[in-house]
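The structure follows.
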Amino acid sequence: MKKLYFVMAALIVASLVLAACGGGAASGGDAIKVGEVTDLGGIDDKSFNANGWAGAQKAAEELGVEAKYLESTQQSDYAKNIQQFLDEDTNLIVTVGFLLGVDTATAAKANPETHFAIVDYAYPDCFDPAEEGKSCGSTTELPNVLGLTFQIDQAGFLAGYAAAGSTQTGKVATFGGINIPPVNAFMIGYEKGVMYYNEENGTAVEVLGWNTEANDGSFTGNFDSLDDGRSFAESFVQEGADIIMPVAGPVGLGSAAYCQESGACKIIGVDVDWTVSSPEYTDVILTSVLKNINVAVYDAIKAEVDGTFAGGIYVGTLANGGVGLSDVAGASDELKAGLDAVKQGIIDGTIATK
Amino acid sequence: MTNVLELRGITKRFPGVLANDKVDITLREGKILALLGENGAGKSTLMNILYGLYKPDEGQIFVRGQAVDILGPNDAIAQGIGMVHQHFMLVPVMTVTENVMLGIEPVKNGVFLDKEKVSNRIREISDQYGLEVDPNAYIRDLPVGIQQRVEIIKVLYRQADILILDEPTAVLTPQEVDGLFKIIDTLIKSGKSLIFITHKLKEVLAVADDITVLRLGKTVGSIDPKEATTDTLATMMVGRDVNLVVEKSPAKPGEPVLEVNDLFVRDERQQTTVQGISFEVRKGEVLGIAGVQGNGQTELVYALTGLLPLDTGTIQLTGKPLSHNSPREILERGVAHIPEDRQRHGLILSFPIHDNMVLCTYYKKPFANGISMQEKAIFSKSEELVKQYDVRTPNIYVNAGTLSGGNQQKVIIAREFSRPIELLIASQPTRGLDVGSIEYIHSQIIKKRDEGSGVLLVSSELDEILALSDRIAVMYKGQIMAVVDAASATKEQLGLLMAGVHPSESKNKK
Amino acid sequence: MKNTDTPEKKETKKITFPQEWLVPVLAVVTGLIVGAIVILVSGENPFVAYGALFEGSFGNPLDYVEGFKSFFTTGDTQLLLRAIYPFTESLVTATPYIFAGLSVALGFRCGLFNIGAEGQFFVGALTSAYIGYSLTGLPTIIHLPLAILGGALGGAIWGMIPGYLKARFGAHEVVNTIMMNWIAFRLSDWLLNGPMKSSGFRPVTPNVEVTAELPRFFPEPLRFNLGFFLALLFAYLVYWFLFKTTLGFEIRSVGANPDAAKYAGMNIIRNFVLVMFLAGGLAGLAGSAQVLGVDHWVGQGFSAGYGFDAIAIALLGKSHPAGVVLSALLFGFLRSGATDMQSIARIPIDIISIIQGVVIVFIAAPDIIRWLYRIRVKKAEDTVLTRGWGK
């Protein structure tokens, strides 16, 4: 036993010495430092966080920046992780997701020299009766924060068009996690896209689960219940739909599983290409609505490296590649041509997606 | 005749204790050696050494004349030594066959368990020794006596010819004991040798060929059963003269303290096990309840102490009925209860002695003031009780689980007697205890009687009933067969009643 | 009385203490060693990793020196605050662990397995948040205690429901507390998207009023607050309650041997309900301290599994309040230090979960530790943690 204590004591002393020396060594070099703070999904969520990190890694390879990430496992980690990067004199801190909205703004105001980019959020975000620094981040635009937003309705529009052109039953469906702008933007574009297809082709494809006029539709109320995804898909199929776009994170995987088992429906993935993130469901994935966070993050880092970083709002569009639609499985040449034309129309501004 | 087993000069030290001090024992082939000693005399240590669970500090073991080192149970089994533990090592939800094959599972075709082979062998063993065990029965469905036979089969299946039975009768009813003795007889006739560990003197005289007595870790001596009497054995065990007969004056019965009227009780499995019982216990007398274990005595006591609800019937304490028959109410009305299962009901083994001493009075002054417990008062009372009742313990702060059975029982008695009581309900108060403790507990019960308390004594040991009671009620199948005067009662008469035969009927048969 | 010289004899009682704690301590050491092996296998240097872990949880010794130097020479506190930041963050992280660990430990003491601390945590947090933001214009002296009490009461009611179901219908608390967790999760989803949603689209509550915040001791970004001391106070209260009161004596008796407790006239059912009420209250306080002291708002995914880690903490702390505080501190330091380990040594935060997991395995199977370190068992007098399914 005595030997054991001795070994333990020696280990502790060794750790202490290394701790004392380690701090300085790690923060050497003149490279631009970029840090990503994830939300609770973690770095390998195959979604926002992973996608953002992919952009940062690409920047590290091509632009020589030093990129790091810190995973948040709980709400109180947001501020702590941002603080950690501040302590390390990070040049650009990328925060992922609207839940970091207040903490990012607070840190940005306290550290005007540091640049921030926040995914899927933008300032000002305070609207009456919100109180700055509490329920929202800032009443004004912040000069050192770039909000990375996405005009996802453009991609959703394409998805709706593709769905209408692929349906066998004449009914397509969508549902969301909760009815908030980042979610329902997909659905608004989707419905528009279907309508546009109907106008162009004289069809009468119906959309289940969303109605822009009423600003309401089908929502699971959460972003984690795969069971909900399954039961929503099942009821849509019973109502006659054969294509479903679930805008609720992993909930959609439940829908995909149902479609795979029943063979009665196809899924439109969201945020990332689901044939890549969930290859096991490739056979039931019609297409995916892409929110190319990696592109946005890379562009933000590039601006930082080039010295052109400016606060404000980055808007990902079809034009700049910030949003997009992945290849549509089994699309006819006619549909492909139609999609290309629509895309061009949206980029040109001749087709409205909202 | 050869000696199959010899232990010479075995010494085993534990920190602060000399558990075995140069112990010698010899087992002759085909004979029964009784190893006698009080709890804590070192019997269990010795047997654990023999079974390879402990390594002796000194001494040597000889099996059939060969010096052997036994380093673990597997070595012991290889030497043909098998042990039947006092606490059975059986898995209740498995069958007899599965229990027997545990650890040495034979397989067929490489992977499948060969249960059939085992159960056939069990049947053979069972027939050969008259064990009457069904290999396919589940352990949980078997009575204790049969479970013990399963343990014996486990040992025989592993081809042991030296069997060690550790306190085999402690958990058995008189009938089951008779059955066990028959089995032992068959075993000996087929050439097995046996070590029989016990502290029950009469059993020793009934079965043993040789007797070795241990005391305080030392061999006190060996004696031929033909020359021994219970008195000489008791003296050897305890180291002084022991008074096996309880001295008591005739009872002076007073007012009734407990009146039971037409009581029906269902047990935990909802079987009505007490079926219409009426009796009374008076101040200053001991009413003994005799009967073979399992005839409703346990449930009767549970109902009287509030541990089981009454189905119908009434209970009156000191002339007043109980309002809601809860343990707390009954306690507060002056009933002391020495429970049948002291480790289940009587003590919290993981609590220190001082907490066990106030288990029923912790909420009362001076042990509590409001909700705040008064440690000083608890400690001083516990110290006092430990001294007064001669509980052998290093201090009052050790856990009750570390005490020997006798001392655990003394803690219960000290606690129950430390508050003013009208009625003492003592259920199997000396089960599993050594002679010295039995003597002490018996004297304490009589002392309570003489102080004017009523005593209800429930015991399956007829000797104990006869020694302590003033009147005896015999229970059979949930009813009282008869209440007889202890002074005129005989064992034969009680034995018949316990078997459900009315004396009048038996006379008619004559 | 002459035979009551207790002080002297009490010492013999205390001698057994270290032996009892040897297994948990060695389990932690073994957990760290296994963690080091995993780090090594994944191609990193465990010394650097643990150095970073240490620095992240206690702070860098050199920073302390610099901090004090600058404080005493210039009176500037900034460097000093920066030096103590990691240490205070660890205490902040440990705070909900202490409360939740006490909750589970209290249940264990009564033979109940409270898996519902997570749900009780949520309900406590939501209740405190609601009281915190909906009432305005109250002075701190009223608002803060009200918000804390509300959180405790919310959790307590959430805990009492399974307690009552067990007492009344014999429904096993493990099943029911898990069910109550799910109800709490879904309830919070609904509340955060509906009645309790702040303005804007984000599914979060508004921030609590300043008058409901647990006071912080240092300026931003240090979040060290009164909650930690509240947690210590409650650890003492639980200790006092369990070991110095008749109610605690009953609870421990019911937990250690329900048959004997019944024999002694204790009301087992009442104790079950009482303990689940109090355990729920403690878990609720964990949520309350977190929302009022650290976050000031509740969003989806508010808890990082405090209620589940609490089970490990209670086991590691042998269900003793002092042990719970120590193991909660350990978890707090590990979790908090992991940020630096992630950043400096680039070790994924999951390594902490591995260490915790290994520790729990060894605590649950103490024989492995005894075998590993050749510890002789004196007399196995194991405390009963929970009753089986049958009772």
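By written order: A, B and C. Residues from 1 in each chain.
What we mean here is this: a contact is a pair of C-beta atoms (placed from the backbone, for glycine too) under 8 Å apart; a residue touches a chain by one contact, two chains touch by 3 or more.
Being a predicted model, the structure only gives us computed values, none of them experimental.
Among the chains present, the centre nearest to the common Cα mean is that of C. The chain pair sharing the most C-beta contacts is A-C. The most distant chain from chain C is B, comparing centres defined as mean Cα coordinates. Here the spacing of chain A and chain B, counted between their Cα centres, is 72 Å.
Between the CA-based centres of chain B and chain C the separation comes to 45 Å, rounded to the whole angstrom. Distance between chain A and chain C, defined via averaged C-alpha coordinates, is recorded as 34 Å. The set of chain C residues that touch two or more partner chains is empty.
Across the complex, chain A meets chain C through its residues 1, 4, 8, 14-20, 22-23, 26, 35, 40, 43, 68-71, 73-77, 79-81, 83-85, 87-88, 98-99, 101-102, 110, 125-131, 134-136, 178-182, 221-223. If you check the complex, the residues on chain C that touch chain A are 29, 47-48, 50-52, 54-55, 60-63, 82, 85, 89, 92-93, 186, 189-190, 193, 198-204, 206-207, 220-221, 223, 290, 294-304, 335-336, 339-340, 342-346, 348-349, 373. Residues of chain C touching chain B in their complex: 1, 3-4, 6, 9-10, 12-13, 244-247, 249, 252-253, 256-257, 259-267, 379, 381-384.
Within the complex formed with chain C, the residues of chain B that make contact are 305-307, 326-332, 337, 339, 344-352, 355, 359-360, 362-363, 368, 371-373, 375-376, 379-380, 383-384, 387, 394-399, 401-402.
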